[in-house]
Amino acid sequence: MRSMHIPGEKREGLLFGLFSVTLALLFIADILSGSVLIPAGEVVKALLSPPEAAETVRTIVLGFRLPKAITALVAGCALSVAGLQMQTIFRNPLAGPYVLGISTGASLAVALFALGFAPVMALGFTTTGSWTLAVVAWAGAFAVMLLVLFVSSRVNDNMTVLILGMLFSSAAGAVVSILQYFSSESMLKAFIVWTMGSLGSITTDQLTVVVPAILAGLLLALAKMKDLNAFLLGETYARSLGVSVFRSRLWIFFSASLLAGTVTAFCGPIGFIGIAVPHLARVLFRTADHRRLLPAVLLLGGNAMLLSDLIAQLPGLQATLPINSVTALLGIPVVVWMIVRNRKFATL
Amino acid sequence: MIAQATPYTLEADHLSMGYPAAGQDPGFVRTGISFSAGRGEMVALIGPNGSGKSTLLKTLAGFMPPLGGNIRWLGKALASHHPRELARLISFVSTENLRIPNMRVADLVAYGRFPYTGWLGRLRDTDLDMVRQALTKTGLELFAHREVITLSDGERQRALIARALAQNTPFILLDEPTAFLDVSAKYEIFQLLRQLASGEGKTILLSTHDLGIALREADKFWMLTAAGCFQGAPEDAVLQGWLNHLFDNPHMGFDKKGGDFFFKTEQAGSAHLSGNGEGLEWTRRALTRLGYAVVTAPPQEEEPGPGSSTPTLPPALAGKSPQPTISVIVAGLPPDTLEWNLITAHGKEKFHSLHALLSHLREIPPHP
Amino acid sequence: REELRNAAVPSGNRYARGFTIEEHDGYTRLTVTNPWANARNVTMEYFLVPAEDSIPGHLAGKTVLRTPVGRIICMSTSHIAFLEALGETDRITGVSGSQYISSPKVLQRLKEGTTTDVGYGQNLNYEEMIRQRPGMVMVYGVDSEIAGFLGKFRDLGIPAVLNAEYLEDSPLGKAEWIRFIAAFTGSGALADSLFRSTEAHYLRLAAQAGPIRQKPGVLVGLPYRDTWWIPGGASYMARLIGDAGGHHVARRNSSRESVTISMEEAVGLSARASVWIHTGNATSRAEIAAADSRLSRLPAFEKARIFNNNKRTTPGGGNDFWESGTVRPDLILEDLVRIFHPGILPEAEFHYYREIR
Amino acid sequence: MIAQATPYTLEADHLSMGYPAAGQDPGFVRTGISFSAGRGEMVALIGPNGSGKSTLLKTLAGFMPPLGGNIRWLGKALASHHPRELARLISFVSTENLRIPNMRVADLVAYGRFPYTGWLGRLRDTDLDMVRQALTKTGLELFAHREVITLSDGERQRALIARALAQNTPFILLDEPTAFLDVSAKYEIFQLLRQLASGEGKTILLSTHDLGIALREADKFWMLTAAGCFQGAPEDAVLQGWLNHLFDNPHMGFDKKGGDFFFKTEQAGSAHLSGNGEGLEWTRRALTRLGYAVVTAPPQEEEPGPGSSTPTLPPALAGKSPQPTISVIVAGLPPDTLEWNLITAHGKEKFHSLHALLSHLREIPPHP
Amino acid sequence: MRSMHIPGEKREGLLFGLFSVTLALLFIADILSGSVLIPAGEVVKALLSPPEAAETVRTIVLGFRLPKAITALVAGCALSVAGLQMQTIFRNPLAGPYVLGISTGASLAVALFALGFAPVMALGFTTTGSWTLAVVAWAGAFAVMLLVLFVSSRVNDNMTVLILGMLFSSAAGAVVSILQYFSSESMLKAFIVWTMGSLGSITTDQLTVVVPAILAGLLLALAKMKDLNAFLLGETYARSLGVSVFRSRLWIFFSASLLAGTVTAFCGPIGFIGIAVPHLARVLFRTADHRRLLPAVLLLGGNAMLLSDLIAQLPGLQATLPINSVTALLGIPVVVWMIVRNRKFATL
């Protein structure tokens, strides 16, 4: 609010500026660094005038690093936004992008396909086409989403939708367990590695699908950002402010499913960021206004994922660490520090 | 002689409402209510606890489906209004307690502008003005940047009212908006709402248990009582005896003449009271509260020589009542302080505050 | 070829480090040391007494098994392979994970119902195992969790024997465990002769391929997502590649287990490879390209010949490479020599490999 | 002459309280308050919104640490009471809104017996009696098996009070216990609490904005005002002018003589009122609310022949005021109904309810 | 309440009676049935006069079925009670026995130990061997519990404890992921199968520890049952009722950790029951009173676990299914049916 000057506004502006700068820096750093040491000049050359660069460098920079950095950026944003949406809709601090069962839906589909049917078709998980896998995961996520949308169109009660989402997750998890139990060791490993998430396995042509899908989800989130604010006041007030609670909730579910489902389909179920980043944003920005929280969460999510990716494959490390673990191990000290400093989390 | 009626902008027509339970129970709270309100009217919804005031407000606003009958806003059925349209028509204040961390009062009040802002929720200058005005009107200027969860009950209630004001709708429904307000704030809010009604032609519908202010400020009463429903001017309600339907309490009544409730208390002892000035009346009230039947008499001779004679009870009382009776003499001392002299069977004592007197009297049981 | 032998090999064994066999008066003492990964100073003892003899008194309280063991439950396909090589598959009454088994004889028994699947891990079908009243359950310890099962087996009076063949790094060391297993079935002499011939064949092939100067660069494996698990420089596969006269491109590490490298690194490494083996379940180049389109841009994809060890796989995902290949490393080596150095061996069918086109 | 004081069972001694913020701000709401209450006293805690009433109650009960000073219950420092002991000493009713599904009113009230039951929480007969009594006293017998979340605001508030009653402690602290109660329930609760104080010797401390009832029923006021703190008999507060410190509102005041608040409204027009009976007074109030300066006069000639002559304004008014002035005549009609005759510059009209009259008058602006 | 007759009381009594009977029946059925068909007479003989029964039958009944049935019973009770405690303390329907991180603590310890990062010290393998894994898991669970107790003794705010618990879980999960990532395929499979839980691998001498530990936890839960009621009203009211909120919460955490930790240590992290059974009990018994909910949850938990075990190894099935999967697949239809019938979950 312009003339009603709010005390924390300057601080807020500073934070937004700071995180925008770090986002840009991290993106650049993520492209410059990797497990193979390439001089910065070479990288720039590969980016700006590809034909001049050495072939290996070109392959590494354009084929691996650039798509990976872009994936990290959009996945970080997508998961954090979906997490924020779910925490607000359900007013539950334990909620995250997967609370509706999106990721278990994808997992189940992948598991059914890779662990269950694939052997029958004499196909192995490791060699299953990356598109096939992504499409299967997407289908799983969307099947769950449709189920959730159906249920929430029948049961006009958030608590029930939340618990049902959890139950669907459990059920899907149970089936996944049975499939795992009967699958061979190498397939299991492939599946488990899939569940650990990865940013680097996305190809450039997949990006042309992932980025638009996530952008669509984010735009939808943006369009319903104002409604999230209304949901904070509870359903009665939301309604009295002209929000079609029912339809708005469906749209938000759809947006979150699109975001989380796409990321899960192509990068696996990356978990920690979606729950932690919204909490972090609330602690840092000290606001309940989604018109500020949403951009904050976008920025922080992108930052967090890029930083995690950077760390996951420091030049020193020979192997990339699972992105899921890096986000958690990196994020937890930050969150704990926040708590210790503030002594208290914002109750949702 | 044509009593030209205000064209009604809000009508409830044979409305039935309630909370239908799972199976058999229809769960009616009220059936067949017909009420109406017009432009510029401030309507007070009056009824005992559980009579269905909140239910009626929620049903009118469309937060719960009516179980029968019709609701028309501006002559158009409730259901055929688009939600966004309704938000620009009606603002609502519930008794719900909002506990949202990190939300500042200004943010909460700005929610009132929600139906008017674009998808980004950007506040234009006019919106900011509205918010600022609502804060000023409710006396919350200095609270604008305070977090809502750190407000006192009354402050929060004012913030919620401010939110509704900022919504600037032709209809404002408020459920017990003054429950936690202090006397002055209560009065101010009522005045404010009255002004909105008569000055800006808004229709205000509020439920309240504050009959005193409601009688003084409301244009119309809607009453839900055990004896039925009533609508009309507050004074009509009084004159037609509807206020007595508010309580099934034999110790209580509404005094039409005095315009106030009366309570019948049981007398436990008797006291003779004399003295002068305004202290006399208040001492009477205090003694009454303690359970004395108070008889007021002209002042006795002032300040008899200390310890001169054994104190005597006024003859009028000494004879009539077998119970231990007391006599209190109130004396004004310059400058502007009072003194109380108590005469009992045990002797005579002097007090400089009513509290001291009462504390002492509490030690002497009215009935030995 | 002494370098193929390991200095730490116990006396009596030629390659295997994990077990010892000592003949005593009236009984045979078998020991298995460190029978799971990361085990330290753990030794299991088994005392084998022929069924017709009486148990010497001083063995009271020890794990005593009467030989030849009648009914055997095998928890690993490699155990089956050893018994099959010894011609003792009739003793197998229980297996774990029937869908991974390649042995036609055992598959036949499963079909007949003379052998049943007893499940896996925590969900072993203990009742079925008790019902079979096995003379022994041959188990392997992936990790110390096996200790928990051993406790339950003891509780139920089922004799369990730990087999640690899979922990051997040397191909011949694995194969030598046939002698350990034969001790239970009383076919020690047969085991010795089988092993000797395998060893001789293996050493002959290694001697042929070893001295060749022109060693092809070998890339192993396929990435899981964006990480490549590559056998460590001292691992079983690295030894086979070395013995077959190949150059394991990622062998600078000295790990016995798999190590991970990133895709970026694989781009560089694969440039040096002219042979690419073990490409998951792929049966064609198109499948590899479909798994990750960027794999098709690897230098190895364009230039190298690709071979996969999935010639003999089961519908359930088992691979005979890990079953009978354990007993016959010489046949694996033969395949590899043919792959790395075409022409030095007479033309013949691959045993376990197939070329990916 | 020795004003023997009640031995104080609750003392706050130079108490400071508040909500210290993260860093710099000491966050005091009040500092150095000293209050005391004795056995059998019913104390009303009075103060404007945000004056610290709730904070004081929470601090006294030990729910938030005092920032300075001492609190003594029964002469013993608060901190040295064991939690279980405190639960048998003090019961508390907050303004919090409990929303626990599946909990019945009887269950909620039975919570009051919590400090007395064993580890199984088994209610003995005496406990059940207490619960039943509490339900009866608060008029909730018929609600015993209703779920708490389905109660109306006032019913729930009564249930919360019943819970505290069932706890049967010598001290009861209540934060605005009558905010949502209807007039009759308010009175009954106050009576009930009074009875507990005087009859059973309990000490009751309650915050309220209901000055009318508090003045009538409380033994003592604790006041937190902008001008400082006061404790003493309610009448002392009146007589010493403390009630005026409750509002910084120039339109408002407390009338010591009448024992009520007064509001100064601006007069917008003038009306001449005549007639008889109780209708007269209520018509005056209604006209006043509409903004007329009302002059009352003896009844004019009753019922002039319909349409006989052009209506004339009473000469007294016609001359004095240049504004359009009205005249209203109230007439009692048998049986027990009233009729209003309105005379304006536009003519004469007859109404059968005040509401009709007022609706009509609202069409005529007082200032043209 | 005796004379204040509550409408649902009769129904409640009926339910208690019904579930007690089914509990007994299921327990008997669980002993009578298994993948090997044994005539009931034989089973009874093995139970009552062991020497007369055939050895195989004796071993199956006494060595396997009886301990398994007992484990199912106590594990079901333990997990459900721990779940109820956590849902009430945190007033969160998503909370369950593992919300404090108990199971991830155990998993981490097991992973660290089993996947090879804690060398087996020269433990007398043959004697204590069967205990090692359980002891390690227990140690892990208790380490997390101590951490949680420490944190909650510093931060007097439930929301923060809840979020911190979730973060600890994430952190431990991240480490487990990294360990999995670097572990061999067969190790991974063994670990994953451990996470699926099992009731049958417990030995008779382990039972002599498990049963007392769980009984202790249940007794503690019973002792603090009344306090759970007070927590329902919120901290202020709990305090005003004489509950030492702080200490009581610690005891409840301890009880839940003991229950969930013991089950996890010996049977693996069995997940679904602990979240679903308390919800089910609330829907069925329609009460918020823990003096009824706790016994209800005990009964339902035991019933659910016994039934799951019964189904997990129906005589038809050759392999026993993972118990985790069975509980979920069995429980979900029940819970969904409950919701559809009641239309609404009790908000916590």
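For clarity, chains are labelled A, B, C, D and E in written order, and residue numbers in each chain start from 1.
FYI, a residue touches a chain if its C-beta (ideal position, glycine included) is under 8 Å from a C-beta of that chain, and two chains touch if they have at least 3 such contacts.
Quantities reported herein were computed from a predicted structural model and do not represent experimental measurements.
Participant: Quickly list, by label, the chains bordering both chain C and chain E.
Facilitator: The common neighbours are A.
Participant: Hey, what chains does chain D share as contacts with chain E?
Facilitator: Expected: no chain.
Participant: How many angstrom lie between the centres of chain C and chain D, each centre taken as the mean Cα position?
Facilitator: Each chain reduced to its C-alpha mean, chain C and chain D end up 87 Å apart.
Participant: Measuring from the mean C-alpha position of chain A to the mean C-alpha position of chain B, what distance in angstrom results?
Facilitator: The computed centroid separation for chain A versus chain B comes out at 53 Å.
Participant: Cα centroid separation between chain A and chain E, in whole Å?
Facilitator: Result: the chain centres lie 32 Å from each other.
Participant: Give me the residue numbers in chain A that touch at least two other chains, ranges are fine.
Facilitator: Correct list: 181, 186, 189, 193, 343, 347.
Participant: Listing for chain C: what residues touch at least two other chains?
Facilitator: 120-121, 123, 227, 260
Participant: Could you list the positions in chain D whose residues touch two or more of the other chains?
Facilitator: Expected reply: 96.
Participant: For this structure, give each pair of chains that are touching.
Facilitator: A-B, A-C, A-E, B-D, C-E, D-E
Participant: Using the touch rule from the top, collect the residues of chain A that touch chain E in their complex.
Facilitator: 92-95, 99, 155, 157, 159-160, 162-164, 166-168, 170-171, 173-175, 177-178, 180-181, 185-186, 188-189, 192-193, 196, 271-272, 275-276, 279, 321-322, 324-329, 331-332, 335-336, 339, 343-345, 347
Participant: Can you name the residues of chain D that touch chain B in the complex?
Facilitator: Against chain B, chain D makes touches at 1-6, 19, 38, 40, 47-50, 53-54, 95-97, 150-155, 158, 176, 179-188, 191, 198, 209, 211-212, 215-217, 219-220, 231-236, 238-239, 246-249, 251-252, 256-257, 259, 261, 263, 278-279, 281-283, 285-286, 289, 291, 338, 349-351, 353-360, 362-363.
Participant: Applying the document's contact rule, which stretches of chain C touch chain A when the two form their complex?
Facilitator: Touch residues, chain C against chain A: 97, 99-100, 120-121, 123, 222-227, 259-265, 267-268, 271, 279-283, 287-288, 290-294, 297, 315-318.
Participant: Can you name the residues of chain A that touch chain B in the complex?
Facilitator: Residues in contact with chain B: 1-4, 6-7, 222-223, 225-226, 229-230, 232-234, 236-237, 239-244, 282, 286-289, 291, 346-348.
Participant: For chain C, which residues count as touching chain E in their complex?
Facilitator: 37-42, 44, 116-128, 130-131, 133, 142-145, 147-152, 154-157, 166, 227, 257-258, 260
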